[in-house]
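Here subunit A shows up in two complexes: once beside subunit B, once beside subunit C.
Right, the complex of A and B next:
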């Protein structure tokens, strides 16, 4: 099994290199096709009082006056050497910008992932157990509605209810405006809304899946057998049914990673969470190619690694499974 | 309603789970007494003066060689007195008691370094063009700085408000200056934390801790101000109206040099015609624009130099209310006659032009709409086009545009580039290709003339001439509106520029003291 796993990882990595290459190429082509002038975005309000001569000099310093192919090769060459370049909109090296923001995104996303797992498992199991009751209908109904609602819309509604009307929680940011140091309690307090919205917005798929899968399993002979032996309902559901219903859950989780990435972009922007996802929105608005390119590569890697982990877990959990590269 | 409520069932559950998971306080935040929280609309891209942070002064982290009083007159800051100017040589001597926040003493080398870094093409500084007159900067001894100019440049002292940075720090390092506040921390996209510099040469500020929070949305800033999160903020006039006459809050409406006007392209048959431009100017109801669009926080505008500054020519004025009779007479005399469709025409050319405005700017959009409806009454047809700046730029020589500029410091600022024929068609400088040899001569003269009395006469003539040519249709000067919590002495409003990085009302925050 270990050998099978290693072969799969190698195969995946071999595919990742051309994939990343294709992503950079597509990204560069899109950036070139963009009608926005990065120099104007860089200068911001001052663009209208800056002489064309100064703008031309900046363009030349960035190499924007070179042929497109040459610009791409230069950028790719620097990337291979580990130089991500400087963010134009933030006036700082890209590596530094990502470095100070990545932690906040990982914190929010991993908390959301855990919350999403726990909630969708618990609520999904509850719905399956009380199959066809009013509770089940309420849960499935809200899950469908949630799946249909755009994340930013949910985020704005939640912000309006909990921050503006009830004033229980802060509307955004990382800490209180008057706070001058980072305190765990303060950050935790500000984290509740973004994490809850991110987890909630991604949970319906998993929740519906758990419910469906559990309902099917509950009809199986071995569950009937367990019940016939007089085991407690809790033991039947948690120890017997849920366990076997969960296997495809792992793959599904890997497939949800891309959604989580896009969800994080919207949630971070709405709640002014200073992570990498909100930075990518700023980078896109400012036509800040070096930063945008690095962030897109990062997102691509997150998706690849997420899927790899899911498939790896699958291979470990069920040796009968054959995924690409395992024969 | 049911599906909506059902949607929230799991949400409440999640929130409850999350809430019990941490022991964070749930009370609304309140700021400690010695912390002052400013809510600002836009975050500066950089905190480095070399890259363009607050070149006109108003930064709390940095000092320039010179500073400004509330009446905009220059006063010595890091220089110990106003400098000697001799044609193309300007000599500053420095104060001796100044140290940077990191403890190193200020020397002339730091000043030379700052200006050289701005002028260095490799540093991509957006303000390099403002210092184009400088030939070289030298430090003959540690307390003396000598600027040598390429040509006599009267406004050079106004450029000496640029913040001075110490030698040998990277462009992206944490900001270190000599100003009344020192840098504590910065969370990009969220806030900037500063604390008072106890050994400031101008005396330690009364406000000991300062947080500058960024919130781009006007309604978010108003809400956070109302909730007590902010101690002061800047708001559009309409959003500030709810804070008028509220206990403990003061609304400040500050005069500015920030104008909006219609730039006419001269190479076109319609807008190139003097009669059309004059008639448009006469037909505008500027008072209505101030009253409705600006909610009273503004003044009618008739020229590019703001009333309330020393350089304003009061002879250049007009009527705030429209004079349609006069406008119609002008058009009739010039041969523009009303056609069947109600629009005037002359020799087969319809009196019709396109007016562009940046699509995201609600104020300029409202003004453009007002212009179109005002001139329709005199038979001139204006078609509106809300576009992105990148789409506007290539069309500026063909279509009119709602533009905004204005700096109260020196009449040479932007006016030279906007009206000198040498800049015709260069990006946003003189986009309408306005060419008048007399104006060129006046601008050149004003730029080089050292005597303020002669200079004033020159710029008076300049203002008269572009008004006679109706080169633009100036619409309104804005007033900037601020809301401040608590009683403070030392608040000193001054005529503010278009650019907001000079700090506006908060420019002299270091001098604010609680009123007892």
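Right, the complex of A and C next:
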């Protein structure tokens, strides 16, 4: 098993490094093709009163007068050495901005993932168990509607209901505006809405998948056998059917990382959650290339790692892959 | 057809009629700013209420749907065309070209689409062209995969061997034998791409990175509405969102119906 796993990881890594290089090259090419002038961007209104000599000086300081290939190699070299550059909109090193915000995103996203898994497993199994009843129709119907609704809109509606109308929960932010220190209870209170919306928006595909997969599995002979042996319905579903129905799901979960990133960007923005995903929108609004490029690379890395983990989990979960090797 | 497919088709027809006819017969101007009737809740005079500068939300939603639908259609067309050409090239040329194209597809798929779209729009200043380009550049990979795998199965069919033995060149095989078989798949991919493209346009506009703010688009309207949401004015963002949800849901119901028809075994097993 370890050999199969190691071979797969190595094979994937062999693709990852060229992929990341390609992404940096693509981003750099786009930035060079863009009509934005970073120096004017940096100066803002002062660009009107700054003399051309001073602007040329800044340009030279930033290395913008060098050939494009040399600029790319310098930037890439810095990236490889861990120097992500300075964020032009936040006037701080990019690494510092990411370091400060990454934790909040990881906290919110991982809580949302756990919530989504638990809820959609339970609800999906319920719908499959009561297949074709009004309950099943209500669940699948709302799952399809949820899939079709844009997450930022769902987030706004949820915010209106729970924060404006009922006033149960705060409408956004990390802590109370009046708070001076970071308290766990306060953060938790602010986290409920964004986490719930993110989990809800991501749950419908999983719920539908669990339902469909479980319905097919419930027709299989081994389930009939388990029922014939007189096992309780709950044992049949949870221990026998669900286990076998969930096999493809580990890979699917890994393949959903891009959607998770998308959801995080929109939900964090609506609830002004100070994570890396909302930082990408702020960077984009300010055309802040160093920050945006670093965040795009980070997201790409997350997607690649997600795929890797999914495949690894598959090797561990399915003995056939272990014995016959990775196809 | 099932009842839900009829409803879905009806919704789509009604929306299409509204988008085409209402601008021709509307009495009110959707741009009309009327500060005396700002932030009115839904009533008989304004069924969807008015926004923060007193524009009628119902009328603006229809204009917004028009803009979003147009952008969505163009973006879907661009991405499916690019994808079809890439997929066709990969499937027909095979070998190294196939491997290179598919690695590029993998590469594009490993950058989250919205983030990539944000990146493109951020560097090329928000405009309809940037939105279309960003959706087209990020979504062609789905169509490319579908077309390639179809071409690969077509290659093995006897009539292709017969055509080649009869002296047809590569171009003729593609034009006369591949394209007619591919067109239904390409058409389905384009239909499925439209809601996706609309979603992208609205998401980018909502973030302030899409269409210019004065243009009535569904995303811009939700964004405008979000500002007055905290004051309790729910209607200005609720209704534009419903008009994204409705066509998307209707299209997915119809596609589901079409797939069930094409694959009856699945229908009888699952009754989805």
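We take it that the second predicted complex is superposed on the first by the 292 of 327 C-alpha atoms of A that agree within 3 Å, B and C clash if a C-alpha of one lies under 4 Å from a C-alpha of the other, contacts with A are read in each partner's own complex, and residues count from 1 in each chain.
Basically, contacts are C-beta pairs under 8 Å (C-beta built on N, C-alpha and C of every residue); 3 or more make two chains touch, one makes a residue touch a chain.
The model shown is predicted, which means the values in this text are computed figures rather than measured ones.
> One more residue to check, A:48. First (subunit B), second (subunit C), both or neither?
In the superposition, A:48 touches subunit B alone.
> For the three-chain arrangement built by superposition, which of subunit B and subunit C touches the greater number of subunit A residues?
Subunit A has more residues touched by B than by the other partner.
> Touch check for A:35: first (subunit B), second (subunit C), both, or neither?
Touch status of A:35: both partners.
> On the A-aligned overlay, A:145 touches which partner chain: subunit B = first, subunit C = second, or both, or neither?
A:145 contacts both subunit B and subunit C.
> Applying the document's definition of touch, where does A:296 land relative to subunit B and subunit C: first, second, both, or neither?
A:296 contacts subunit C only, not subunit B.
> In the overlaid three-chain picture, which partner chain does A:90 touch, first (subunit B) or second (subunit C), both, or neither?
A:90: touches subunit B, not subunit C.
> Scan A:304 for contacts with subunit B and subunit C and give back first, second, both or neither.
After superposition on chain A, A:304 lies in contact with subunit C alone.
> A:251 contacts which: subunit B (first), subunit C (second), both, neither?
After superposition on chain A, A:251 lies in contact with neither partner.
> So in the superposed three-chain picture, is A:164 touching just subunit B, just subunit C, both, or none of them (first/second/both/neither)?
After superposition on chain A, A:164 lies in contact with both partners, subunit B and subunit C.
> In the superposed view, which residues of subunit A touch subunit B and also subunit C?
Correct list for subunit A: 35-36, 145, 149, 164, 171.
> In the complex formed with subunit C, which residues of subunit A make contact?
So the residues of subunit A touching subunit C come out as 15, 19, 22-23, 26-27, 30-31, 33-36, 132, 140, 144-145, 147-150, 152-153, 156-157, 159-160, 163-165, 171, 212, 215-216, 219, 257-259, 261-262, 265-266, 269-270, 280-281, 283-285, 287, 289, 292, 295-296, 299-300, 303-304, 307.
> Which bits of subunit A are touching subunit B when the two form their complex?
The touching residues are 35-37, 40, 42-55, 57-58, 61-62, 89-93, 96-97, 101, 115, 118-119, 123, 138-139, 141-143, 145-146, 149, 158, 162, 164, 167-171, 173-180, 185-186, 188-189, 192, 195-196, 199-200, 203, 272, 274, 278-279, 282.
> Looking at the complex, which residues from subunit B come into contact with subunit A?
So the residues of subunit B in touch with subunit A come to 3, 6-11, 13-15, 17-19, 22-26, 28-32, 35, 37, 39, 45-46, 48, 51-52, 121-122, 124, 126-129, 132, 171-172, 184-185, 187-191, 193, 195, 209, 211, 213, 220, 223-224, 227, 229-230, 388-391, 403, 405, 414, 417, 426-429, 499-501.
> What residues of subunit C sit close enough to touch subunit A in their complex?
106-107, 109-116, 118-125, 195, 199, 202-203, 206-209, 222, 225-226, 229-230, 232, 234, 237-238, 240-241, 244-245, 248-249, 252-253, 269-272
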